[in-house]
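Order of writing sets the labels: A, B and C. Residues in every chain begin at 1.
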Amino acid sequence: MAFQVKTSILSNSDGSAELIIGGTKVLVSISGPIEPKIRQELPNQASLDIIIRPYKGLSTTREKLLEDKLRQLLQSIIIRYKYPRQLIQIVVQFLIIDEIEEFTCNELNAAINCCYFALIDADLALYSSFVSVVACINSGNLLLNPPGDILINSDSHHVICYNIENQKANKLLFLESDGEFTEETLFTILAKTVSEAETLHQEQRKIIQAKIENDYIWK
Amino acid sequence: MSSSLILPGDNLEIEDISQYKTTIGPGIYKFPTREPKFIPTQPGILNHSTQSNKQLIYIESNSKRYIPHKNDLVIGIVVGSIGEFYKVQLQDFSTPVLLNFMSFANATKKNRPNLKNGQVVYGKVTVDSIEIENEIECIDEGCGVLDDSGYVFNVNLNFARELLYDANSIFLKLLANKCQFEIAIGINGKIWLKCGEGVKKEVKESENKEDEDDDMDIDSTNVKDLKYTLAAVEYLKKAQFVKQDELKQVLNVCFKNVEN
Amino acid sequence: MSRNLELSTNQKTYLHEGLKNGIRLSNRDFLKFRDIDIYLSTDEFGYVEVSIGNTKISVRVSSQIIKPYEDRPFEGILTINSEISSMSSLKFDTNSRSQEEVLISRIIEKAIRRSNSLDLENLCIVAGEKVWEIIVDLNFWNFDGNLIDIGCFASMLALSHFKKPDISILNDEIKIYDINEREPVNLSILHIPICLTFSFFNLNSKEMNIKGDEANEICLLDCDLIEETYRDGFLVITLNKNRELIQLSKNGGLPIDAQQLLELCMKGQSIVDELTNLIKTKIKENEEERYKSNNLGLLEATADR
């Protein structure tokens, strides 16, 4: 199983999820729509407050950058027009990581996938489902979801997020690449990760099916 | 009527709206401009029913955060006042809704309820626009102030809907076997519950020692009702997480301590 | 503008009436902790997850080598980070620290760092130049009352669980061994402080609380959210198994009888003993699990080859 997910684990949050993927464990808590501070209010959309906390130490600019990337993604996937002048607060806490500090791809990947489950748990309106995959090129070989030690020796690594419509990967929502690679390599990676994303989506469906059944266990 | 799991992004099988009179419910979003017009936005069980030339489509899902809708019966806590309105909070950290000072049955300028912060009201949502402040009123029968002899607690929204709208719901019927109770259910996930007389705030003890015997009796029924209420609350909170066949067992466990 | 949790007077009434009759809303004894669940990592050292009832926390201990403070060249450094994020409750604002948060941080710091629970001299590598810095990060996941007790307990558990990499010094060079090369080393923990938070409730009118024969404040241990919101005062006592009083914190709030202070220390001692034993038992269990799963039995001199 690629993901191990637990949802609804925090009683104070509207939606929460804990995700383990490879050697990375992350916890996301989402609350909203709630009353915003005056300076956060947007007149016709919901505003997003994203806080990322590292697995050790205090937040630095590294976390700010990750927040920005996650915001780019979530701003276009949450139907913010449904909640004008409200706030959606998302807190991401990394618990266990398996890459060195210079790399952020495994963490970002885990955070994106965990946010999906937390958004589902919080029952917020989304335009579509989404799935994220990490790919790295290691001496010419394409490797998906690599562990930290392989990442260090890779030529390039990429975080790719697709939106899923009708169970098929449809649009590219987010792409971050680091390292040396050719245009041809990039297109190969994009082609190969599409099927991986669709496989992961089937797993997402199974997990959500189990969650919904649990929500209505009393019926 | 078909029902199946649906996720955001899935294809929505909906009949042509030019031929069917369509009603969409929670979880279905209508794009103002582009095609396809309707998409599912929340995960849950899709319910789609068509009858002659009408169709109804919505998604049944669970959540914790309540979003006000017109004609919903809700329980709120008064947290302040602004102008001619009370500010009522329907859920922790949500934007408060407004309750007009006069929106009570038979209220006049001289004769209207004077509510303090922390008091609980049962009302109906009247204005639910997402762009402006929402409002509730307490004019209908059964609405108004809920006194502080009952206990207020939170449950998940889907469970609250089940308790309020399903007349054959097994949960309250089972509870009735154990104790007499009064209940008010808010669709915002808040429930006000009182067994027997609930809790009476003790009147300042007077110097009069003659009444001591009477006080003892009142005290013991007071405690009994308090215990029963707390046990009933525990039962309802736990009932959300167990299957129906384990329900009786949960009920017995909750009331075990009280019945001694 | 900080967010506030709004509770109804109904809950307050039930809380008070219940306490008058000896009943807690959660049906616990007045001086009993909620159920404690502990998870200790088996893959790495220094990561723990603890939950007391619905209050949940995770603590990570990590280490690095740095230059010591100039005025303390023989001591290592212990840093405790206990920022409370909005994840635990929306009433905590991640950007501005409320008085409550500052108090929680200070009490945990006093209990662990300033009481010398960790032997800092043991962390010295080259005096005046290189020492170990031990960093304790507390992440509060869910707030249901009593962050101080769980923060202190989980931190001590994590410090007991943590092992720092083994090192060797050759001339001026320090070689740090990977945990797979050489067995890492436990920290030197001198004593295990445990915080106990007692909350007070005045159920009579204000006038009756003037000290006399009628002193009847109610005292509860380990309050949950509702109890904590309506308490009239609180006292944090930090004790260890050696019957030593580490720190005491009573910041205003309801005045209590001085005699009660001593009594609570006495009553708290047995609870502290229990919790200290719990930490020791869990660490031992974790060691045994690790031993089995890593087949460390094969490394023993007496093992069959």
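As a convention for this text, contacts are C-beta pairs under 8 Å (C-beta built on N, C-alpha and C of every residue); 3 or more make two chains touch, one makes a residue touch a chain.
As the structure is a computational prediction, the values presented were derived from the model and not from experiment.
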{"item": "Taking each chain's C-alpha mean as its centre, the one farthest from subunit B", "value": "C"}
{"item": "Contact pairs, highest-scoring chain pair", "value": "A-B"}
{"item": "Chain centre separation (subunit A, subunit B; CA means) in Å", "value": "33"}
{"item": "Separation of subunit B from subunit C, taking each centre as the mean of its C-alpha atoms, in whole Å", "value": "38"}
{"item": "Shared interface positions of subunit A, touching two or more other chains", "value": "31, 34-35"}
{"item": "Subunit C, residues touching no fewer than two other chains", "value": "3, 90"}
{"item": "Contacts with two or more other chains, residues of subunit B listed in rising order", "value": "93"}
{"item": "Residues of subunit A that touch subunit C when the two form their complex", "value": "9-13, 27, 29, 31, 34-35, 37-38, 51, 53, 55-58, 89, 91, 93, 95-96"}
{"item": "Touch list for subunit B against partner subunit A, complex", "value": "5, 7-11, 29, 39, 41-45, 61-65, 67, 93-96, 130-131, 156, 158-159, 162, 171, 239-244, 247"}
{"item": "Complex contact set, residues of subunit B against subunit C", "value": "77, 79, 89, 92-93, 116, 118-120, 146, 148-152, 192, 199-202, 204, 219, 222-223, 226-227, 229-230, 234, 257"}
{"item": "Contacting residues of subunit C [partner subunit A, same complex]", "value": "1, 3, 41, 43-44, 47, 54, 56, 58, 60, 62, 81, 83, 85-90, 94, 135, 137, 139, 141-144"}
{"item": "Contacting residues of subunit A [partner subunit B, same complex]", "value": "14-15, 31-35, 44, 79, 82-86, 120, 122-129, 163-167, 170, 204-205, 208-209, 212, 215-219"}
